[in-house]
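All chains are identified by letter, namely A, B, C and D, in their written order; residue positions are counted from 1 within each chain.
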Amino acid sequence: MINKIVKTAAEAMAGIRDGSVVLLGGFGSIGLPYALVDGLLEQGAKDLTVVANNAGIGRIGLARLFDANRVRKIICSYPRTADPIAFLEAYRAGRVELEVMPQGTMAERMRAAGAGIPAFYTPTSVGTKLAEGKEEREFGGRKYVLEEALYGDVALVEAWEADRWGNLTYRSSARNFNPVMAMAAKLTVAQAQHIVELGALDPEQVPTPGIFVDRVLHVPYGEPTVT
Amino acid sequence: MINKIVKTAAEAMAGIRDGSVVLLGGFGSIGLPYALVDGLLEQGAKDLTVVANNAGIGRIGLARLFDANRVRKIICSYPRTADPIAFLEAYRAGRVELEVMPQGTMAERMRAAGAGIPAFYTPTSVGTKLAEGKEEREFGGRKYVLEEALYGDVALVEAWEADRWGNLTYRSSARNFNPVMAMAAKLTVAQAQHIVELGALDPEQVPTPGIFVDRVLHVPYGEPTVT
Amino acid sequence: MNVNVSANVLTACRPWSRVDIAAHAARDIPEGYYVNLGIGIPVLVADHIPADREVIIHSENGVLGMGPAPAPDKINRWLINAGKQYVTLVPGGCYMHHADSFAVIRGGHLDLCVLGAFQVAENGDLANWATSASDSTPAVGGAMDLAAGAKAIWVLMEHTTKSGESRLKHRCTYPLTAPGVVKRVYTNLAVLDVTDDGFVVREMAPGLTLEALQDVTEARLRIAN
Amino acid sequence: MNVNVSANVLTACRPWSRVDIAAHAARDIPEGYYVNLGIGIPVLVADHIPADREVIIHSENGVLGMGPAPAPDKINRWLINAGKQYVTLVPGGCYMHHADSFAVIRGGHLDLCVLGAFQVAENGDLANWATSASDSTPAVGGAMDLAAGAKAIWVLMEHTTKSGESRLKHRCTYPLTAPGVVKRVYTNLAVLDVTDDGFVVREMAPGLTLEALQDVTEARLRIAN
């Protein structure tokens, strides 16, 4: 019987290696799998490259990985949040490298990784300093830049419901980056508020089919309290 | 008040020009908008390029367009069905041009058109005669071919439910090409089995948001009878 | 909430407020438009669209059909906008993931994106993400995708910086978000179109003359015919 | 349902049936595999997976978790497989659109794709979509996407053509579907791995000798250690 549900955060994080590229779901705090991030801190992997829309808030979640000096590089679209203190400290101390890219390019690069597309052209960033050094090409008289797929070793995602096959649903805007990150990594780990029986999910409504998911941890934490 | 629901097939087909690229949803007969195809026949546009997975069945639907000599070219992955008689007659008489492409490449080229991606690389067809003349490039030591976005002037899609904003749901495998085609065309026309009130659709479950849809025709034809 | 403009202009006119600016843009959005509203003055636009005019608002974090802020006891804590404020979903709205949301943007499906900006140049260049080329922690978010993808870009901003420097430039001095994309600018002093011949003034704050407006504007202004 | 093989082999052994071929492949699919089954003998594989072994079947027209054919009075007429036959969905299955379905395929998420073929070469080349370079109405379907995308490709086919010609070739003479992708071949006469050294025989039909098998096989065969 296929059963992707694991019992502990330690099991969920088993085997994650130093130097991994970690795709971290969420937009601000919404849809961000805090329990898995804490598990990753506990697990101890270091020299991580983290791909996330934001660079952590206060002293929670991703911020804890900065404080513990586990992150070598962060790739994000918007490092500034209401309180990016841990990131800024690490960044100013030269402990972490920052790569900023347009939000849609970040999403599409991961979707490409998941879809077997090694590279694609996009109009986003053409004529700006974020396009410097990038290959440019015209199609139909308009300029585009080449962007390569962004692959993860690990994706940490947050879901609303999950079943033992790893099928996932999301809630409202907590969907955000989670489905594309789930597609783009070799190992995808989800934390889910609810575990449901196989067959309980509406087959018309599975934004992340279990084929993209390796492990599921039940984390019924209730309502997010920060955005 | 936004109201994309039209009353007649003639209204649904208004303005479609000779020479249009028509994206036609469906896989076999399932998810194929027969009423809209009949409307297009009635409307009279000719010299059409049709993009569809198959090339028509018997003497119905797309086959009628071949019989009426309206199709200049068909782009599909699998021209053969149980009974492709009308296509074969037109093709053998030199009245229609055929371009065959891999099914996933066809889907992705339309998804790219809808997503503002003018071109992408794919491993599909590398080393085969369908890659002849295509630009080839290596990423990470593997060869890929360049494929450009496939844009439609018109998309004809079939939906299960629709509301006045053009939000669409599908039923089972009738989803198939319809959502990507709806994204990829300048004018997207849907036929829907059911018209529902605005707000009746579950917001977690709208495979085609109304932003991709221009017109909706209510066609409660019941069960498909052929596959 | 009036902004800092040079003294001669201030004495000569009654500048519009941030709310006025948003209301002006709202007034000009046709029914049926799909619109993305940026952080800052643009988000205020939603509150000023006439109740009988359906305009569908997109938020790049996967919300299409965004409604106003919820009552304090009706908050859905999983539903935020791109500025990370709690919002609502209107009937007919839906959720999508980030790649689909940016397919909407990049694919040219938005009729309009209303953005804030640091600078707009008379050739339509937009600078709204970084105030210097050496900014050590630049934050681009979805700005470049929106600027490159939407069918039209309108900018809502104050006419000058706090120190009185014009934000309507001959050429942008800040790093670009996208070249040549801005179609219209709404400021506290004027509404301007960006044309092949540069900025054309469509409307001015009460009491303002073209000369006074030109005085506080680096870019050359023309009056609409 | 036994197939046409040259007389000396037929008298020497009892060739496997199409059902036997499918059963052999089914036996070798591990629990938890995500598998796409092509038209022809491959679709029969589903019926032979042991009931206690969960294998998830994908159909490229947007069905993940495909179940067997429905009872005649239980047909969902919107639910077909890639061969356009009515099928069912198992609990835990779901639907997706074509771009997502081929993202599953092209993105390397399928553990296995089981395909029929006209020819397989000893270097793993697969020819299963056209029988001549000049075919005027070739029909490729999803074959090239599956061949290029799945983590492993197994081929199920009869060992020879009706006229007795070997389908296991030194080099394919028909147009390729993808180069170098086939990992294993199940025929009515043998089960073979494709290795760096060509075809290695793992199993032969009852009564068959390597010599007799080689007699009806163009490619050079080796026996597994």
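Criterion: a residue touches a chain if its C-beta (ideal position, glycine included) is under 8 Å from a C-beta of that chain, and two chains touch if they have at least 3 such contacts.
What you see is a predicted model, and the numbers here were worked out from it, not measured in a lab.
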{"item": "Chain whose mean Cα position lies farthest from chain C", "value": "D"}
{"item": "Pair with more cross-chain C-beta pairs in contact, given A-C and B-C", "value": "A-C"}
{"item": "Distance between chain centroids, defined by C-alpha means - chain C, chain D (Å)", "value": "57"}
{"item": "Whole-Å gap separating chain A and chain C, where each centre is the average of the chain's CA atoms", "value": "29"}
{"item": "Whole-Å gap separating chain B and chain C, where each centre is the average of the chain's CA atoms", "value": "36"}
{"item": "Cα-centroid distance, chain A relative to chain B, in whole angstrom", "value": "33"}
{"item": "Chain D, residues touching no fewer than two other chains", "value": "89, 95-96, 99, 102-103, 105-106, 149"}
{"item": "Residues of chain A engaged with two or more neighbouring chains", "value": "108, 111, 115-117, 122-123, 170-172, 203-205, 207"}
{"item": "Chain-to-chain touches, reported pairwise for every pair that qualifies", "value": "A-B, A-C, A-D, B-C, B-D"}
{"item": "Chain B contact footprint on chain C (complex, rising order)", "value": "31-32, 34, 54, 56, 58, 64-65, 89, 91-96, 99, 102-110, 149"}
{"item": "Interfacial residue positions of chain D with respect to chain B in the complex", "value": "59-63, 76-80, 84-86, 89, 95-99, 101-103, 105-106, 133, 136-145, 148-149, 175-179"}
{"item": "In the complex, chain A residues that touch chain D", "value": "1-2, 111, 113-117, 163-165, 167, 183, 198-199, 201, 203-206, 209-212"}
{"item": "Residue ranges of chain A touching chain C (in the complex, touch as defined)", "value": "27-28, 30-31, 77-82, 88, 91, 98, 100-105, 107-108, 110-111, 122-130, 170-180, 207, 223-225, 227"}
{"item": "Sites on chain B touched by chain A in the complex", "value": "108, 112, 115-123, 139-140, 142, 144, 148, 169-172, 202-205, 207"}
